Amino acid sequence: MQQHFASDNYAGICPEATAALLEANTGHAPAYGDDDYTRKVSDRLRDIFETDCDVYFVFNGTAANSLALATLCQSYHSVICHQLAHVETDECGAPEFFSNGAKLLTIAGEQGRLTPEAITEVVTRRSDLHFPKPRGLTLTQTTEVGTLYQPDQVATIADTARQLGLRVHMDGARFANAVASLDVAPADITWRAGVDVLCFGGTKMGLPVGEAVVFFDRKLSEDFAWRCKQAGQLASKMRFLSAPWLGMLTDDVWLKHARHANAMAQRLSAGLVAAGIELLFPTEANGVFARLPAPVDAGLRAKGWRFYTFIGAGGARLMCGWDTLPATVDALLADIRALSGAADAL
Amino acid sequence: MQQHFASDNYAGICPEATAALLEANTGHAPAYGDDDYTRKVSDRLRDIFETDCDVYFVFNGTAANSLALATLCQSYHSVICHQLAHVETDECGAPEFFSNGAKLLTIAGEQGRLTPEAITEVVTRRSDLHFPKPRGLTLTQTTEVGTLYQPDQVATIADTARQLGLRVHMDGARFANAVASLDVAPADITWRAGVDVLCFGGTKMGLPVGEAVVFFDRKLSEDFAWRCKQAGQLASKMRFLSAPWLGMLTDDVWLKHARHANAMAQRLSAGLVAAGIELLFPTEANGVFARLPAPVDAGLRAKGWRFYTFIGAGGARLMCGWDTLPATVDALLADIRALSGAADAL
Amino acid sequence: MQQHFASDNYAGICPEATAALLEANTGHAPAYGDDDYTRKVSDRLRDIFETDCDVYFVFNGTAANSLALATLCQSYHSVICHQLAHVETDECGAPEFFSNGAKLLTIAGEQGRLTPEAITEVVTRRSDLHFPKPRGLTLTQTTEVGTLYQPDQVATIADTARQLGLRVHMDGARFANAVASLDVAPADITWRAGVDVLCFGGTKMGLPVGEAVVFFDRKLSEDFAWRCKQAGQLASKMRFLSAPWLGMLTDDVWLKHARHANAMAQRLSAGLVAAGIELLFPTEANGVFARLPAPVDAGLRAKGWRFYTFIGAGGARLMCGWDTLPATVDALLADIRALSGAADAL
Amino acid sequence: MQQHFASDNYAGICPEATAALLEANTGHAPAYGDDDYTRKVSDRLRDIFETDCDVYFVFNGTAANSLALATLCQSYHSVICHQLAHVETDECGAPEFFSNGAKLLTIAGEQGRLTPEAITEVVTRRSDLHFPKPRGLTLTQTTEVGTLYQPDQVATIADTARQLGLRVHMDGARFANAVASLDVAPADITWRAGVDVLCFGGTKMGLPVGEAVVFFDRKLSEDFAWRCKQAGQLASKMRFLSAPWLGMLTDDVWLKHARHANAMAQRLSAGLVAAGIELLFPTEANGVFARLPAPVDAGLRAKGWRFYTFIGAGGARLMCGWDTLPATVDALLADIRALSGAADAL
């Protein structure tokens, strides 16, 4: 079956997660998270983050982000996010739904990153009763355009937020790619930098289903299990969510896969530049954003390649996954070169 | 590992679902349901129900029920249910949350079944603006106490509902057990009997995760995909939800497993009666409800058996799953007999 | 125009409130509560309650109760109330709507009063994730059946609540009648007895529109102004809500009117007893609940009298307002006696 | 007391509304709208709009708009509005709250008006599941910047909306000023032009409290009374909301007052132009938007004048009400001229 660059969620389950899933499929286990796999992987996450964080497993990223944001605010509050943030552009109003009406206030920012200046501006613009009071901020690591926040950038954002009375959420749908690329301790770009709650993406790393919500500020997670249950996010056979996580978090499997995806993006990025294609953003993790000439774009699709047009920046989004083969990257590049040459020859 | 009777969700994934899951784990597949497995199993469900129903896969039963009920009513409406209904007693207010405030109006009824009289009474009791207007009704098949609605009983309930202006939802967390026990066409206890939307339980049948929401009245499912997405119930790697369903729905695997679970319940039930234990409800599917003498109850727990006390009826709930072994049933019965004998000897 | 006993909200605006309304209708005033009338009456309420409480004016009792309860709980929590509580029976699911799904857990109780035993039972019945966690309690003073909580009864209820982790709300739609009848300091049946937030009813006292939400625990009212605004409960011309309150709270006008209404209820109650009519509840404030023989009930309605049948107790609810005339009471009694006599003569 | 230009809601109750309020304050009247005043004014509105519309009275504009918009969409839908629309900028997320999460999609447009092109662009930009599906459109008449939609402009907008599958809401907080200025039949800028539901502003016209929600498409108002009740928007003493409306809608009182306010705005506008002050928008109704030099702005405030800075356009918003005196306008202009002269002399 052909590989694609549409999304890292086109990839399947990685072998280590599959093995863990099958291993967990033995006999009976208590439901709703009261099982050994869930306990072990929760402890494993506490080890990885080097702190006594509170951990919950939910079904997908939309739910993870929305439930986490809902702990930061009430319905009459607002949450600051980048105008390209997934919570704003691709979750169909889920943050508003789960919070019962909290408004997302979007701001611009180069390369998909929030800036302290823009945050301060939007938060201080109004303080009257007629506009939702800002109480939360969310930043995405890896950003929606494949760039990264350095640890000190996270810290600066979080510090700005805190001074303005906001709590800080990190959308980590591609957190693994960020950690792998930055080569830092996970704690350094989360709680040590001021993040209160992280949504740690599992699906795009190579799991079948499920994300982890990691609360570094445990006051925020008071009664969070009830919140998950009511929101339809408490798995009965929880072991089948948590065991694959355990497989993934053992022996740095997650970082191995993330490094591979990142390397494939570098291979693709370098090939595009060599082919004279303009990159829209620097390639810092597993996503490549490129301005494909229209005939190239159309030609690729005609050949069966699937990828998204990134509306926010007017170019192609090419995502690499844990399983993207070098040969797949090379085949895409070959097609691009051929199509570009044909285009140039016109 | 010891088997238990706490819940049919203590069981793992059945072999056929596992095989289908592994088979689907090949290469890339489009996300969010735009894949072949999802298409095939949706068609398979249309075959099974002999009608052009609309099918959606969500993560769990709480979400399935709540999202389906939310299509029947607005926030200022109400939904009639049995006082023992799972939506009332065990979903942590999810129906109220997803509907933004619709009230559940509970009624009593012998053996876990709604009655036309009680439905009519609660619906007609009030018609003023100060109380939520009834617009939906939900019945559970298999009921929460292990009994069944015969096809004509479903039809009578649904007919009563329709005459009162209510749409009809069926909570089918254990729908398979009902079909297996009643030995009827699935259509006969759903749309042919007047059911508008069914939540068809997958997890308790032997899937890892996921339930199907089946709309027989397709007007109700308008924009339901958006509803699921916003509610955090749209799986990105949908094939891992749908493929196991496909494995389950091929060659009547689902009915084979359901029949087995039902048979184990009969074996248990018969053994209990033989041991002089009173049954609280007739055993019609895969659940057995029994009044265990306190020393027996305590003794079983001391031996490591796990089962729930059914608050609504003051006895033990003993559930059999697709994997419950005859030997497990016999071992439980042996312990019960031994404990009963010891108790009698006092 | 004929007077009725249907509800104390059939009465109009009392003269003192009218005068204050007209007096406030002079020139321009800042909107949204930033005016002198609102400031003055807020201070007046702090005087009356002898504490630095936080005060907000909203449009009606349903909104007041729902917004106040929403400060006690999140959507996955529950609120304990009497089964006859207005929030349960007559607010069309508003508490569930404003809290985004919090469940009301109803309990029985003699004469419309909650009991510590019943509260403890319902709160401790379950502690699992599958049921909303109790976090709030609401009691109604004057109760829905016209009875009162003595100060020590309030204190006992509130103390029980607090030990169980619940915050305490008082629905004071007829708070004035309670204070007038009990002849206590308002503080003695509110914060000194453990009440966290009071909804102080204005409409039934004789105002045109508007209730006061009085927070004794000011932590609960954090950002409550934003909550009101978002919920459509912030009046732009606030002075026309607050000024009538000021007229009402000057020189104990509110207590004068409440005493009058209470006295009319006593007159009615005594007359009914004298006429051999059974009272359903003791008459302790401004409501009289009586078991009218069917021919009497029908006869009164045929003569044009309006009153409610109280579903919860199977009798007639006869409410007296600030303007109920002795002659009106006497006329009703005369009709009752005539109809009773006719009935007896059959 | 000094008059201001901050908002037309700084004005009090007009004499005709006051008279009607006092006249209604006689004896007892059934509650919740079952009274003669409410019936009469509802019929009066049907006369004025020349159609059998459905009419409801709610407490304020935020509630009116939010409840009306909630009839157009479900939580996973979106509503198109101008980026300066009150629902977006000044209702604290109320539309999101009442709809349980529907997103407002804002578009730009000259002089506060929506354009068919911008509407089409935003509605057709996306059709995938990951973004709320557009189902409603709201336009404001008089716009937030004091301009008007001509009847044919409303019709064009509504026609565009309908072709795109959107229902049309009109925020008529200053509907009276629009009708007075355009000198058209109210029907011509509402249902005849394709508007489905109108929020007809009462407060700014000179009422103490209350707005009318007028449904031209009666299918949208199914069970709307329940919606109002649950949302805390059903007045018990409804006559005190509806009677003032009756006073206002008799003998074209509403248009008389609106014409006066409009005329005062023209007087102010002309005076500003004569004083060399730049207008930000044409003065078409009762609001004047002007770029006051900073010293003039500061000087006016120092003299005690109250007015808003209009964030969206960077100038002063000066609103005239039903009671604005020519002398007040002249006094403001005199101060502006004096301050301008002083500024120029620097």
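Remarks
Just so it is clear, A, B, C and D label the chains in written order, and each chain counts residues from 1 on its own.
Basically, a contact is a pair of C-beta atoms (placed from the backbone, for glycine too) under 8 Å apart; a residue touches a chain by one contact, two chains touch by 3 or more.
The UniProt protein names, listed by chain, are A, B, C, D = L-threonine aldolase.
Here the structure is a predicted model, which is why all the values come from computation and not from measurement.
Over half of the residue-numbered contact pairs at B-C are shared with one candidate from A-B, A-D or A-C, namely A-D. Among the pairs B-D and A-D, the greater number of C-beta contacts is found at A-D. Remark: subunit C and subunit D have CA centroids separated by 34 Å (rounded to whole angstrom).
Taking the mean of the C-alpha atoms as each chain's centre, subunit B and subunit D sit 50 Å apart. Chain centres here are Cα means. That of subunit A falls 42 Å from that of subunit D.
Subunit C has residues 75-76, 91-94, 97-98, 100-101, 129-130, 132, 226, 229-230, 234 in contact with two or more other chains. Residues 1-4, 6-7, 9-13, 18, 21-22, 24-31, 58-64, 66-67, 91-94, 97-98, 100, 203, 208-209, 226, 229-237, 240-241, 306, 323 of subunit B touch subunit A in their complex. Per the touch definition, subunit D reaches subunit A in the complex via residues 75-76, 78, 89-94, 96-98, 100-103, 125-126, 129-132, 311.
Subunit A makes touch with subunit C in their complex at residues 32, 74-77, 100-101, 129-130, 132-133, 223, 225-227, 229-230, 234.
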